[in-house]
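Look for chain A in each of the two complexes below; its partner is chain B in the first and chain C in the second.
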Partner chain A sequence: MKIEVIDYKGKKVMEVSGEIDMHASPSLRKELMSLVSKKTTPLLVDLKGVSYIDSSGIATFVEGLKGMMAFGGKLKLASIPAGVMEIFNFSKLDKVFEIYGDLDDAVNS
Partner chain B sequence: MMDSVKITIPSHPKYLSVVRALVSRMGELSEMSEASIDKVKLAVDEACSNVIKYAYKGDAGKRIAVEFRITQEGFEVTIEDSGIKANPELIEGRSLDEVKPGGLGIHLIKRAFDVLAFDERKKKGNRLRLIRYKRGDNED
Partner chain C sequence: MDKAIDVKDLVTHYGEREILKKISFSIPRGKTTVILGGSGCGKSTLLKHLIGLLKPTRGNILINRKDIVSMNEDALNDIRKRMGILFQGAALLNSMTLMDNVALPLREHTELEDSTIQIMVRMKLDLVGLSGFEGFYPSQLSGGMKKRAGLARAMALDPEFLFFDEPSAGLDPVTAAGLDELILKLRNVFKMTIVVVTHELPSVFMIADYVIMLDLGEVIFSGTLDELRVSGNPRIKMFLDRRPEAETYSPEDYFRFIAGD
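Then we have the complex of A and B:
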């Protein structure tokens, strides 16, 4: 898994790629919660390059969302590949997260 | 003829990708659909993650044995460890309507496999048997 934090059209974007499993989740959690603790909002997460996610990855995003909501911040997920989206749907989290088709939709929201 | 493959991995999360790769290949050999392979791969990953987390409490110096069998009826996976015994009665995921981290893994295992059973004859550690029966053409 790779994580890059970039500025895109004035917004902070976390670009995640590769496989998010029990091995990768601690790094994801560290990066995500660091931005949450700095009250970086809105924080956009681009998942275009993610090929796999397990329950530890999902749990990490739920934790990030809860951290954001605690101070009224926004966590927006964008470009979720179909296979990854299927897990969000199954876990009924598609109704909880703000999810956008692509990064520009998330930026303009 | 029964086709089976067995691997033993260290109980370090970095080896979960090796198990996933093997699930993919075995799923292809058993002529599962791509969607089914994805579900089974995730379920086996979750079961092995549970061994690392709960049976071995994160100790990366132990071993996990994973055996795959392609049978007439379907696809079987047996996962063995020598860690703390699981209490099947306590294995329950969160309600999917609750929004909180954790508790999703068991749901992902149960949706992929028709049978999830701990072998009570195993004295030390756990032997988890997962069975997925063959599906119809358009069922995942």
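Then we have the complex of A and C:
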């Protein structure tokens, strides 16, 4: 898994690619929670390059969202590939997260 | 067939007694395979070989094309982390809450923070219909709930393979059907390779994509459910029609047997 944090049209974007599994999730958490603790809002997460996510990855995003909600911040997920989206749908989290078709939709929301 | 597991010429003994008699078969990836057979046919023994708990006398068991028979314990443990197993008695630790039972493999095998682990455990418990039970101890649960909790723990590490040993044993028909539905859901959503050992026919017809039937330590059938239904093999027909075995002894043999001659 690779993580890059960039600025895109004035917004902070976390670009994640590769497999988010139990080995990768601790690094994802570290990066995500560091931005949450700095109250970076809105934080956009671009998941276009993610080929696989397991329950540890989903749980990490849940933790991130919980942290954001604690101070009224926004965590927006964008460009989720179909296979990854299936897991979000199944866990009913598609109703909880703000999910956008692509990064520009997330920026303009 | 995309083979997830390939068993070749497997022979195993308990003492002098040959239990599995040079059996060969394959298990397809991402499907539910039921290993079917009467009591004592060797199916639970076979399951213990597939998960590397027993070493065979001869033969090979290839999991993702790697032979687990010749593997050392470290390599085998790596493979086992990709396997979830629901044992007949659920094998929960009675001194621990469900939260701690399900969290155990995650705490043992990952570097995840406990806050992440707790969310994952709640997700798994919800998946098996046990939301809100994380503070309960196994002794406070019914048999069906224990099975589901055992399944939540088997799935803790998001395994690629899920093995069930007689999942319906000891459950009423409604609870057993609920567990079958859960098995179907896991295959559909997570594309897991699921192997179920059972002799419960209603379960077989509900969950199986592929069936392997054992009889007296030999594979007498491997194929789809439709192929099983139309099989002309008399042993299979007897099993599917739930007909008892014919008497194997003549009265004279029986007398000799019990008289000890």
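Annotations for the structure displayed:
Keep this in mind: the second predicted complex is superposed on the first by the 109 of 109 C-alpha atoms of A that agree within 3 Å, B and C clash if a C-alpha of one lies under 4 Å from a C-alpha of the other, contacts with A are read in each partner's own complex, and residues count from 1 in each chain.
One rule holds for everything that comes next: contacts are C-beta pairs under 8 Å (C-beta built on N, C-alpha and C of every residue); 3 or more make two chains touch, one makes a residue touch a chain.
Computed from a predicted structure; not experimentally measured.
With the two structures aligned on chain A, chain B clashes with chain C. Once the two complexes are overlaid on the shared chain, A:58 sits against chain B and chain C alike.
Of the two partner chains, chain B is the only one that A:19 touches; chain C does not reach it.
Touch criterion met: A:96 reaches chain B, while chain C stays clear of it. Of the residues of chain A, those at positions 21-23, 54-56, 58-60, 62-63, 86-87, 90-91 touch chain B in one of the two structures and chain C in the other.
Across the complex, chain A meets chain B through its residues 19, 21-23, 52, 54-56, 58-60, 62-63, 66, 83, 86-87, 90-93, 96. Across the interface of their complex, chain C is touched by residues 21-23, 25-26, 29, 54-56, 58-60, 62-63, 86-87, 90-91 of chain A.
Across the interface of their complex, chain A is touched by residues 12-14, 16-17, 20, 38, 42, 45-46, 49, 52-53, 96-97, 99-102, 104-105, 107-108, 111 of chain B. Against chain A, in their complex, chain C makes its touches with residues 106, 109-113, 115-117, 119-120, 123-124, 157-158, 189.
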